[in-house]
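One structure is given below, represented as structure tokens, and several questions about it will come after.
By letter and in written order, the chains are A, B, C and D; residue numbering begins at 1 in each of them.
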Amino acid sequence: MTQTLDQIFVLAKHWLLGFLPAAIQPFCSALLSVVAIILVFATLFAITTWLERKGLGRMQNRLGPNRVGPCGLLQPLADGIKSLTKEDIVPAAADHAVHFMAPVLLVAASFLGYAVLPIGRNMVLTNLNAGVLYFFAVGSLMELAVFMAGWSSRSKYSLLGAMRAIAQMISYEVPLVLASIVVILHTGSLSTVAIVDRQAVYTGIWPHWFVFTPWGLAGFVLFMVAATAESNRSPFDLPEGESEIIAGYYIEYSGFKFALFFLGEYIGMFATSAMAITLFLGGWAAPFSFLTWVPSYLWFFAKLLAIISAFIWVRGTLPRLRMDQLMNLAWQFMLPMTLINLLAAGVWQFMPAGVARWPVCAAIVAVPFLLLARGLKQKRKFQLRTYRFSQ
Amino acid sequence: MLGDGILKGLAETARNFFGSYVSRDRLTTIQYPEQRDPQIEAARSFPFLVFDGADWQQGLRCVSCQICEKECPPKCIFIEKSKDKKPDAVGKPQFYPVRFDIDISVCMSCQICVEVCPFDAIKMDVDYDLSTDDRFGGLLLDRQRLAKSNEHYNKIHPTEAAAVDAALAEERAKAKAAAEAKASAAAKAATEAKAAAVANPAPAPQPAAGESQ
Amino acid sequence: MTASFTILAAITVAGMAAAMGLRNAVHCVLALTVGFAGIAALYLQLGAQFVGFTQVLVYVGAVAILAVFAIMMTQSRPSATPAPRAPLWAAGGAVAAAVFAVLAWAIHSNALSVQALPPQPEAAPSATVQQIGDALMHRFVLPLEIVGLLLTAALIGAVVIAMGRREEMK
Amino acid sequence: MNPLQGYLLLSALLFSIGLAGALLRRNAILVLIGIELMLNAANLNFIAFWRYGPVPAALTGIMFTIFSIAVAAAEAAVGLAIILAAYRHSRTTDLDRMDSLKG
């Protein structure tokens, strides 16, 4: 029974495909999965916008949307109708073709990453041998889309926003990849399915999630910080800093194209969150061995919602960073810490399994962290700022 | 330690998040169209024209002196002076505005028109539900839409209106006294004239416009 | 010569030709990414998954973006780059065409096709990440180290060159 | 024509396009891009030979491509840095106008 419930979508797909001629079955199978993924995550996007507005409102002692539908639940629908019916304005000086392609490419690139994310047991679109690499490769397409949007609008603000966004995404891609490499080092595989399978085993009732190891915990935190920056979320939302460059690279977009940017950004955020789940939080695996009867996809979405809530929580808490702070964090803190974490993972790999490697690896991560934190804090002295380019 | 500030901040927002569900008085939101905050007396939005009495056309205090039109910094007031004259509150014949338009899409609520008006004819309103789907017609207020009674003025700015009314009443009393003195003088002269000539007393001219307050 | 190869080859050539032929430098780079993506797809078709994804990551994600950055920093206004003079066109085009002709002739000539290739392997040979990693760590460990050194040197060198001297900037 | 020849021809075509670009374009950045293109054409050859060659298990073609990509990335970074430095000096990226040796 639990088996059937767990595999219900897989079985349903096979049952549906049984009606089709064998020649087009592989194609239809892929199509069905793609449509399902797009629908599910687009719905999740709608729910998240509502959740975010409600959550941020409560954190600021407001109510949040409460007019459309019960508890404002139909607000995403209203927003969608509004953005669909709005006039689509393209600046006269814009590069029309590129201006049109940018949001399309962004959404396409953000959806591409889902091809390798295991949503449940046996529920992955393709089990690529180089899955994690594929994920980061398509992630880099988003930078291109951002640049296209910023450049083609022919607006100073959008160009500034795009430059900021690209500089930030490139800078944080390095710690993002380096933070995930520890997992690859441990599993010896780039395949997401293999990575989750390694974590879906239990000692007693406790799972073997990588986040429960010293290097895994540090890697998870570093990955999440880099993912926040990568998806341009607060406090790293300089590219769209409303107070100085209004909306950044998509300032010249309106109507449905603007909605597409919004969608692409959220879908990208879900993808990186799902990647964090896959790498560190055991993917679809249940947190305790006695809870394995709950269908695997439910665990995946529960974890995803938890991470999204954490994103919203952080957004409601932290103020936006300054550009130099952002870059300093990336190169002075994130990069050294990920490298040290890599060292810790290597030591873990070569030390004999036992209790001894826990304190050793924890010390390898924690001591440099404390030293680095002290060093960075001491270095911070206030002085007159000098500008290199504006004088 | 690096990051403890972040944790403190997260704790604070979490406290607010859950607190907003527990204690109602944290939430300051007002369900706007249904609920409203009590009006602040000093609030002001856009100018309106005060009229006395019941009939707005009769009672407009404005004499179309056009000072406000000249003083208005964004030039949002348009006044057309009448050709004929009409007696005002104290019975003095005055011009009146045939057209008095304020474009509140241009008006910047500076209140200079109110400051310069010598007749206390233009005052600031508190109405803020002004949104309209007709951008030009709906925001270009004409005489009729601008005219609001003195009672309304008393309601929205009680203290200020009382002072204005007192001043006006004093002025009118003075004017009336002067008029009466003049009338009695005229009557006296008339009686003297009558005594001198035929016996039929002519009534002194009375103010035509209705006096309120 | 399958249909997918023809389509991918057409996309790649079109992208690359546009990258070399368009007036606007930014359009050139955008067309270039199409070409790079096409090459990556060809790698995938050949069964080299790892290389294909690396191609996207490095060329589309880094080199193209870098080129775009360089264009933005060197072009104060988005003007079309001047077209080369006509005689130069002819000469350069002739050289390129001659190179292509020679290469095509070499490929078509008996020298290559007679030397019998092994019977066409139907399925692509496997090149899993595990195998590549093993090869990198055993047979190719020296080149790997050298590339690591080179990348470090390039990183530092690029920063030093692009930064310029501090006094010069002021 | 066997598949290998198709790939070789394609790569020859790409190489020629890159060569034409490197020879004809006057923008230094685009010249650099032309050179990148030629490198890519060569990489395609390596992969094609690995796929259809006699010993695919040796992975030599793949290894060569990986190293080539790494070197090309370094080359692009340094090349663009040099172009930036040259631009700072002569205020142009037009190679025809970058002809003065005087500092």
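The rule is simple: a contact is a pair of C-beta atoms (placed from the backbone, for glycine too) under 8 Å apart; a residue touches a chain by one contact, two chains touch by 3 or more.
If you're wondering where the values come from, they're calculated on a predicted model, not measured in any experiment.
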item	value
Most extensive contact between chains (C-beta pair count)	C-D
Most distant chain from subunit A by Cα centroid	B
Gap in Å, rounded to a whole number, between the CA centres of subunit D and subunit B	78
Centroid distance [mean C-alpha coordinates] between subunit D and subunit A, Å	33
Centroid spacing, where centroids are CA-atom means, of subunit B and subunit C in whole angstrom	76
Gap in Å, rounded to a whole number, between the CA centres of subunit D and subunit C	5
Touching two or more other chains - residue numbers and ranges from subunit A	none
Junction residues of subunit D - those touching two or more other chains	none
Chain contact topology (line, ring, star, complete or other)	line
Pairs of chains, among all present, that meet the touch criterion	A-B, A-C, C-D
Contact set on subunit D toward subunit C in their complex	1-10, 12-21, 23-27, 29-30, 32-34, 36-37, 40, 43-44, 47-48, 50-54, 56-57, 59, 62-63, 65-67, 69-78, 80-85, 87-88, 93-94
Subunit B-touching residues of subunit A, taken from the complex the two chains share	55, 58-63, 313-314, 316-318, 333, 369-370, 372-373, 376-377
Residue ranges of subunit C in contact with subunit D within the complex	1-2, 5, 9, 12-13, 16-17, 19-21, 25, 28-29, 32, 35-36, 39, 42-43, 46-48, 50-51, 54-55, 58-59, 62-63, 66-67, 69-71, 73-75, 81-82, 84, 88-89, 91-93, 95-97, 99-100, 103-104, 107-108, 112-113, 117-118, 120-121, 124-125, 127, 131-132, 135-136, 139-140, 143, 147, 150-151, 153-155, 157-159, 161-162, 164
Complex contact set, residues of subunit A against subunit C	95, 98, 128-130, 133-134, 136-141, 143-144, 147-148, 151, 154, 159, 163, 166, 170, 173, 188-191, 388-389, 391
Footprint of subunit A on subunit B - complex, ascending	1-3, 6, 9-10, 12-14, 16-17, 19-21, 26-29
